[in-house]
Amino acid sequence: MIDKLATLQQAVRDGIGDGDAVVLGAGLEAAIPFAVVFELIRQGRRDLELVAPISDGAADMLFGAGCVGAVSAAWVGNVSGGLGHNYRRAVEQGVPRNVVVNDYSNFSLGMALMAAAYGMPYMPVRSLLGSDILASNPALKVLQNPLSDEADPVVLVPPLKPDVAVLAVQRADRFGNAHLWGSLGVAQEAALAADRVLVLADEIVEPGVIASDPNRVVFPGFKVSAVVHEPAAQHPSPMTGIWKRDTEFYTDYHRRSRERDGFLAWLEEWVLGVPDHAAYRAKLGSRLDDLRIRGSALAAPANFAAS
Amino acid sequence: MIDKLATLQQAVRDGIGDGDAVVLGAGLEAAIPFAVVFELIRQGRRDLELVAPISDGAADMLFGAGCVGAVSAAWVGNVSGGLGHNYRRAVEQGVPRNVVVNDYSNFSLGMALMAAAYGMPYMPVRSLLGSDILASNPALKVLQNPLSDEADPVVLVPPLKPDVAVLAVQRADRFGNAHLWGSLGVAQEAALAADRVLVLADEIVEPGVIASDPNRVVFPGFKVSAVVHEPAAQHPSPMTGIWKRDTEFYTDYHRRSRERDGFLAWLEEWVLGVPDHAAYRAKLGSRLDDLRIRGSALAAPANFAAS
Amino acid sequence: MPAYSTQELMIIAAAREIRDGEVVFVGMRLPITAFGVARLTHAPNAVGLFECGLARHAPAQDMLYTMSDPPNQLGAAWATGLTQVMGILQGGWVHAGFIGGAEIDRFGNINTSYIGGAEKPTVKLPGSGGAADIAAMSHRLLAIMNHEPHRLVERVGYVTSPGGLAGGGARRAAGLRRGGVAAVITDRAILRPHGPQGELHLASFHPGHAPEEVREKTGWSLRTIPGATETPPPTAEEMAALHAIDREGFWR
Amino acid sequence: MPAYSTQELMIIAAAREIRDGEVVFVGMRLPITAFGVARLTHAPNAVGLFECGLARHAPAQDMLYTMSDPPNQLGAAWATGLTQVMGILQGGWVHAGFIGGAEIDRFGNINTSYIGGAEKPTVKLPGSGGAADIAAMSHRLLAIMNHEPHRLVERVGYVTSPGGLAGGGARRAAGLRRGGVAAVITDRAILRPHGPQGELHLASFHPGHAPEEVREKTGWSLRTIPGATETPPPTAEEMAALHAIDREGFWR
């Protein structure tokens, strides 16, 4: 097996290029790889296409920093605050730049990723009929079901193939084998669809730990291109069993990003003025300690012995 | 929650009727619910449509017992022996009765179940092109991909909706919440697609055991119609972490089922002359003890604590 | 002074829409509390679904800010992916779903995408999330809104989540096989579709909110279902269930 | 007397078809042993896939009768469903797959379904399993057969798993975007497609099996690739790897 351990800086530099289509919010409101979001901003990446079913705050930051050229998403905002101020400024006023919005619903976005993961020409879905999403996203086509003799319109959702999927996980080995648990969002579809998969592991473990439970492996290690070890890479979002959600961080971001100047000050304070994620953790200090889950509610044992 | 515990006899009597489409081999060569196969034979069920990607021996027994009117499958035989003698007699000679064969491949059968599970009009797949399976299964249609300007034929696989899916699992609670681990075959698609789900649990546990690890729940408890507690319900097939495969049982079946008379004697000995699964276990005796996995190779701990 | 807040009444009205044994997309805040009340009162076997990939028998024990928060993972009945939970929604296994919205119109169409049109919006709202899917594919849609004339409008500027579309048979003609708005629960009233067009009518008005006030605060000429009455106030049992869940009095 | 059995030579020939880093549907018996040899020799980063829903870095430690047996579960790299492993096959992530069969023809089409036609078969074989999918969608198909005239036939009676179909561009014309037979490994020889029609030709003959014998045992007029030679016998390293896996001498 190939050692895929990389630093955050390396992995972002080598793995995500200008113009790439990137999945960053596969876990919906959990396990959002904020450390990569911050590093993309620090490295000044441009013209990204964000692919996400929902994106709690992370996408809004990338809009504000001018990294995004297009978004294929079902929901962009800040769950604690509602509206995404940077997203609004980009779409309504072209500040700091214009962006192309490809509207989806959660299900149709998940199906678009599944179509790409499984090499399907399209996925036929029964959602979106009657919705103006069909008008504002021309990639979606309505056609009669050819297997039905009755009127039966079906929406054909074409594959959405990301260049990169970035996934934060509880633990991984250095070869790219990873465990992810709790609600999975579109993590599996995104990882199987993407050309490259960048894993952010809260903990690096021996390969035997991962191999002890192959059912907790959501995507196979051979799909993974790089493994980055960064505890709390998903802060301020939660990570099941390890980190609580830092709601105050979202609220503060929402408040300060209401005006462009406030956002730029926030960006300087939390991203541009912070060299790396270790410094970010240090800056959070005891606040991060308070977010650590200390209780224990372990999964019931499962035996994989063969004899 | 509703108590769904039932005896094997009750669950088969109430849950599987003559003519029903039944998934029995969702786990491929593991976790095949043989106890239900035997009980269907004892109860004399008729005109079943078997739906299975593969079926290691179980389907062959039902063919020989005359319970089956049709089969929608990718593979029917006996992995240890190859050919299924009863399947051959039924298809080649109509003994004991004629059966309709709907040919699939594993992938197209999985997609047909997924289409039913997720309410899709069909699944567009790129397998089977050029295969005579398209000719011998008229349900499969080839159509041009309407999203492509180039020649791009696609196979449309219509949904295959079982009336009942029967699934053997390692453990369940009495309310239908179940844990299943190891390779999953089409267990999830079958359970989500079927109108009714019959769970055979090797062990009945407190609800808290299942709730301690919601990621090991492959299909939600609300889909389950009955829970039957029968250890080794999957014998002679294996159950990950609990039971080894009884290869000698398969080999013996294969040898004795070569001729119709030999099969009928086998059937009397192992099914018709055995009143229930407790008697079957008793008949296996120390042979069953030898099949029990005694080693321990536990999955690494996973924490679900929230604070 | 009433023994309950408006929000508490809305929660209890929402809880009454959930039937026993149903599978319901519950969403955050008010609906998940309603789900908890329903479970403790008349619907002990209801199941809650969450788009992130969760099913639950009982609401989480701790406060949730998002459906993906750790307390919603702990003790869940099923942890899986978005595809699975929304796939069975399309498969017809979901009885009801709660959604909110910025605008709803007389036929129950909901806008959570654009104010001022998609081409040059004056306000870009966050978008559908799963709302369009829940509106299209659950058997009954339950909408929760604040009751103001600019929110309850004649025709939404953008249909994110289809209700009755142009009314009458329009929803079925668009290819939607089931569903539609069953109830709109506001801070002033409950509206339900009525008549051949399925137009939203006043079904009940909350205590303290006269029908005239409700009509005034509605952006179309609101008609009344014959026999519309005051929304029954919470019962003692309902309030006890709510207080058992909302121990900190968040909704009081 | 050779220091290896015919089956051992076949295993090693099969192992040589697996390249480092590849993802391969390996199947039971001979191919999974070949996968193990490849991993221990030239392909340490190859990954094995199994249709039941497994991926493995190394073969199971104990004897397998089926791919779903407990030893194949223990220490697997990924345990999931059939849909996922065959879905990524369709997605183009699988480099090669091994399959067997009752009949194969000069263009590499394989029959595992019906002898005597589907209408009134004289023998009902078990069917495709995953073979048709692997043949259609992996980048290279590797077939393993016993070399007899009734197995290597001019034209199979039923195409379960498509090879080159009628030869030439027929496979692409049918809509298959990739793949086709790369090698047929028999107990006498290795055949490979050659020439514009992609007809199977003799590529190498095993020690002790002269080209004339191979041609005699083939049901069509077998042509030879220019420069065809004897199959290189196992190296000491290959035999050591095989013996490290086949500790009980099952294949000896």
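First chain written, first letter: the chains are A, B, C and D, and each begins at residue 1.
Here, a residue touches a chain if its C-beta (ideal position, glycine included) is under 8 Å from a C-beta of that chain, and two chains touch if they have at least 3 such contacts.
On a predicted model such as this, the values are computed, not experimentally measured, just so you know.
Steps from chain C to chain D, taking the shortest chain of touch contacts, total 2.
Greatest centre-to-centre distance from chain B is found for C, with centres as Cα means. Averaged Cα coordinates give chain A a centre that lies 39 Å from the centre of chain D.
Centre to centre, using the average C-alpha position, chain A and chain B are separated by 36 Å.
Chain centres here are Cα means. That of chain A falls 28 Å from that of chain C. The set of chain A residues that touch two or more partner chains comprises 114, 119-120, 125-126, 152, 154, 181-182, 184, 188, 212, 215, 240-241, 244, 293, 297, 304-307. Contact of a single residue of chain C with at least two other chains is seen at positions 54, 69-70, 73-74, 76, 79-80, 83, 87, 90, 137. All chain pairs that count as touching, in label order, are A-B, A-C, A-D, B-C, B-D. The touching residues of chain A, counted against chain C in their complex, run 27-31, 53-54, 56, 73-77, 79-80, 82-84, 87-88, 91-92, 101, 103-108, 110-111, 114, 125-133, 135-136, 142, 151-154, 181-189, 237-238, 240-241, 244-245, 247, 293, 297.
Across the complex, chain A meets chain B through its residues 119-126, 141, 143, 145-148, 152, 154, 156, 158, 170, 179, 181-182, 184, 205, 209-210, 212-213, 215-216, 240-242, 244, 293-307. Put simply, chain D touches chain A in their complex at residues 23, 44-45, 47, 54-55, 57, 60-62, 69-71, 73-80, 83-84, 87-88, 90-93, 137. Chain A makes touch with chain D in their complex at residues 1-2, 114, 116-120, 177, 188, 192-193, 211-212, 214-215, 217, 219-223, 304-307.
Residue ranges of chain C in contact with chain A, taken from their complex: 28, 50-54, 65-70, 72-74, 76, 79-83, 86-87, 89-90, 113-114, 118, 121-133, 135-137, 158-162, 165, 170-171, 174-177.
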